[in-house]
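The following blocks contain the structures, represented as structure tokens.
Shared between the two complexes below is chain A, which pairs with chain B and chain C, respectively.
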Partner chain A sequence: MINLQPYSNPNYFMILLAALLPIMIGLYFGRRLKIYEALFTFSFLVLTFGGDHWHQGVALIIYTIYQVGLTMGFERYRRTKNQTSIFVSTVLLSILPLVIVKFTPLFPNDHSFNIGFLGISYLTFKTVQVIMELRDGTIKEISWQQYLQFLLFFPTISSGPIDRYRRFIKDYDHVPDRKTYLADVDQAVFYLFQGFLYKYILGYIFGTLLLPNVSQAALSQRYALGGTGISWYLLAYMYVYSMYLFFDFAGYSLFAVSISYFMGIKTPMNFNKPFLAHNIKEFWNRWHMTLSFWFRDFIFMRFTFWVMKHHWVKNRVRMSQLAYLVNFLVMGFWHGITWYYIVYGLFHAAAIILNDYWLRYKKKHADQIPHNKWTEGLAIFATFNIVCFSFLIFSGFLNQLWF
Partner chain B sequence: MKFGKKLWLIFGPVVIAVISVWIVLLLPLNHQRVSQDALRRGSVSLSTNIYHGQLFKKQAFAENYVPFLGSSELLRMDPMHPSVLAAKYHRSYQPFLLGSAGSQSLNHYFTLQGVHSELKDKKIIFIISPQWFTKQGQAPAAFSYYYSPLQAIQWLLTAKDSKATHYAAKRLLAMPSGKSSLIVENCLEKTARGESLTHSDRLLLDLRRHILLNEDALFSRFRLVDRWRRIEAGERVLPKRDSTTSLNRLAIRLARQHTTTNRFGIDNHFYSERLRGSRINGLRDSQRSFDYRQSPEYSDLELLLSEFKQVHANVLFVIPPINHRWATYTGLSMPMLQQTATKIKYQLRSQGFDHITDLTNDSQQNYMMQDTIHLGWLGWLKVDQAVKPFLTEPQDQPTYHLNSYFFTKNWQESLTLQKSDGQHGE
Partner chain C sequence: MNDTEKIYSILNDLTGEDLTDKGDTNLFDTGLLDSMATVQLLLEIETEIGVEVPVSEFERSEWETPNKIIAKVGSLK
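And now, the complex of A and B:
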């Protein structure tokens, strides 16, 4: 049985583009071939989760039935009632599978059926978003067919970008006119090749050619500087890993966006020149954007409203600091339950809180603080290095170096 | 029409790019030649693209380069290294080094595919490390590092149905590398079962081979690690005349200079980089339970022997010594090492591979090793005393008579060399 991992090799792209052709011709002539699209999605799900990954396929099916049932149930309930306890339990039930998957590595001796599969996080982001919007009333009703299309939208299933239900359905129900569609396709081709450049050339140079070498060099210096392992090679590792992380993930995201555009769905972009950010706050508006916006809307904002409603914290500044801390801690835990992901979350929370102090100070003393090309350059340089340092924590390399 | 033009503007460049890539990949490029200078650098670069490819090997073996198969010791390029000696004294041969840390018999078997006609009747030097013969045998990760799909495809397209072939296919399938391509995996499964490949299998493999050969021709000359400078630096140190006594004197002098910081006779640099401080304490008695007598590697070795027989190669086998003082410190058992060497030699001799230089018993001598298990200084000279006459003087063409018993688990795990061993039928 054939198994193909998304965007992993030239064959995959050839099969994918060939299968996309009917959809593209349809859209070119102003029609969306919904049945064909459903079959297309199904076949690629089988390719990704079939073969020797079949157990993931089974997990995906069970998970999908569970989530669709949960969401449709909540939608039915929400038409007439709106109790907070039901809402909270629905959200908890919705994230339960993900929580179990995240805790599984802590019990290496437990060999019962693994309910995880590639992309479970991203599906959970989507379901939680829909449940929350149902609660808010911004989504009134959903049909299970459309919900399935949204959940299992093939190009983004494995690692995002995380789309929003209403935005997705608007594109899905709407066929662009020929001129608009051709502009989309033009963009799609550009993104596809940008993705090739990022993932298969730059990502390869940093990840496959350089990373193992600097990694080995840095590990050989593990007794340097009084046993801390801090060496020039470690610094090199930090930068090489950061570049690899960016080009690999940005490349992957470009593929997902590109394939969506071919299908007439404008999946949002994930990266916007993140290393040119002037500060940490701006960085999170440029890096893995769909994730950070999801966290902003559904963790940061929700938490803020919730605390304000109960008048637990009066001071607005303290309030946002607390929300940042919760926001990034949750993100850290989501990455995985290891010390370095959690420290990574704490580090970014601290960075963004300090950054806030600085921004407020700057605002107050705007007349005394110079602002020109050089200070901007300095800001970009400082932000870049702070971010790279956080990625060094994130990489888990320190874990390898020290323990 | 307006939209037609727009479509062309979007997809035209893509179509042109795809067509040009295919043209480059399918162009008949495999008759390219490498310059003598590049060949010289390639012979000592130990780069994986040379080990993976075939452009350099093919041309080198057609000339006076002799394959030196081995592992990490090949990198110990002091002035007594075979490549330095051969270059300095303008010997009739020049080593072509194949192998680095982690490459063992199975990798060597596959790297020799695709150069059969150039290897025919050639002499080969093969340095067998006892350290390969662990309980697990070849480590899959190391194997992947030295494996290339080109080797596997060349092999699949030329392999004859035999016990050795079935064994090789099964071994490759047991490695992650064997499953990295669907078509290769499929063909390996057929070969392992003794089925022949279909016409369409061959067609696909042929196409893939063509593409890989073109990639090799286009890219393998880049990213060569330049170690020829180290060879030249070594040449400058060597005496003018190729004389055993003056070489020995120099080797001892150099070895003394380089082993001043520790009591193990280990190169200072190696010692300070890898062992100094608290690390060395952790290694005391750490190798007490090491045992090289039972290992799947014995059958992998047999596979390589079948390759030598197939190409009628005349092979000199070298079993290197180890650092005796280091072995005492780590608790490595010398009797176990001797038994390992005996088992290897039995496997070789009983099948007609008679050119063997076993240096296990030279372990006691000083300055044989550059560090813990790697040949250096006097050790390399000792190797040279066997290599030089073997390669420069005419040798009788050997007759090999292989015995498939050595592919069995029984042999892998055998601890006794009874008379009956090797008698279990052809």
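And now, the complex of A and C:
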């Protein structure tokens, strides 16, 4: 049986666009073909998780049943009661499969059935988000059909962008008028071609043509500079990898957003010119935005709210530093349990904490610090390099170079 | 103090600026409020005005200016 990974080759796009046509015609005439959409989603899930990936398909089915059961159970419970212990247990149960998947690589001798599948972490963001909003009362009721549509919305299933339930359902239950829909399609076509440019031209140049060469050159210098392996090639690797990471992921995200727009669903954008950020704080408002906003809303803000409400930490500056540390550590662990992902998290926590010191200093001494296009250029340059260095850590290349 | 005055007093405290006549200033775009200050804002609204605002309720576009905050708090009361 055939297997096609999302957005991986021209065949996939041809099949996808052909299958999208009825949905588009429906929307053009003011109708959302919900049954066709469900079949469409199902077929593409089979394409992604079928064939020689069938074990992932089984894992996805079990995972989905488990999560839908958990969330619907909590929704029912929440109608009448609201105990913190039940809420916390539900969240823990919801992240349990992901935790198991993340810890499994630490035990390479264990050959038991792998419960992971492509996109499990992105589904977990959605389930945790819904449970937290049920707790807050901003989501009051959920139908399991709509919840399934939200979880398994296939354009974003494998790697995001991470949508929010209330936002998604609003689009899903609504048919845009013709003028709006045509503008959406216009946007979708633009994103699709921008995605091709990013992923298949620029991503290919950096990732497939350049990266292996700089990687080899840098590895050949592994004893350079007193055994640290620091060489010009390592610097080149850092920039090439950073460019590859951006164009590959931004390209993929553009495909996901584009296909969503064709379906009349305005999945949020993931990137907004991240390398033009003036500081690290701004960088996180521009890079992998749906992830960083998820962390902001569901880790950073909730953690701060909870600690400050109980008056455990009084000093505002210490509080924000603690919250940054927790936030980025969790993000590091989420990427995977390896030293370089965790150091990447700590690095960004440290960077944003130092950044905050600077911003406070700048605010206090605003009249003494020059501000012009040169200082702005310098800020962008410095931020870009700090970010690229963090991606060098993230890439795991240092692990290869040193160990 | 009425609620509007209370909100301005909280905001002026948090941002270190006098916003009293600048009800349409975008607090996020200008960097006057960050996530940390936002949480403080929600907590202060709870203690000073007695309106509980869960973090999930916090949709940035609905809270981005002093005037919007005043309207939102009014609607939640």
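In the analysis below, the second predicted complex is superposed on the first by the 403 of 403 C-alpha atoms of A that agree within 3 Å, B and C clash if a C-alpha of one lies under 4 Å from a C-alpha of the other, contacts with A are read in each partner's own complex, and residues count from 1 in each chain.
By definition in this document, a contact is a pair of C-beta atoms (placed from the backbone, for glycine too) under 8 Å apart; a residue touches a chain by one contact, two chains touch by 3 or more.
All values derive from a computational prediction rather than experimental measurement.
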Chain B versus chain C as contact partner of A:W339, first or second or both or neither: neither
Residues of chain A touched, compared between chain B and chain C (which is higher): C
Touched partner set for A:F42, first chain B, second chain C, both or neither: neither
Touching partner for A:F381 - first (chain B), second (chain C), both, neither: neither
Partner chain(s) touched by A:W54 [first = chain B, second = chain C, both, neither]: neither
Touched partner set for A:M319, first chain B, second chain C, both or neither: second
Partner chain(s) touched by A:Y223 [first = chain B, second = chain C, both, neither]: first
Partner chain(s) touched by A:W144 [first = chain B, second = chain C, both, neither]: neither
First (chain B), second (chain C), both or neither touched by A:Y357: neither
Touched partner set for A:F305, first chain B, second chain C, both or neither: second
Chain A positions touched by chain B in one structure and by chain C in the second: none
Chain B-facing residues of chain A, complex: 2, 178, 182, 185-186, 189, 193, 220, 223
Chain C to chain A touching residues, read off their complex: 16, 34-36, 38-40, 42-43, 54-58
Residue ranges of chain A touching chain C (in the complex, touch as defined): 132-133, 136-139, 281, 296-297, 300-302, 304-305, 308-309, 316, 319-320, 323, 363
Residues of chain B defined as touching chain A within the complex: 3, 6-7, 9-11, 14, 182, 273-274, 277-279
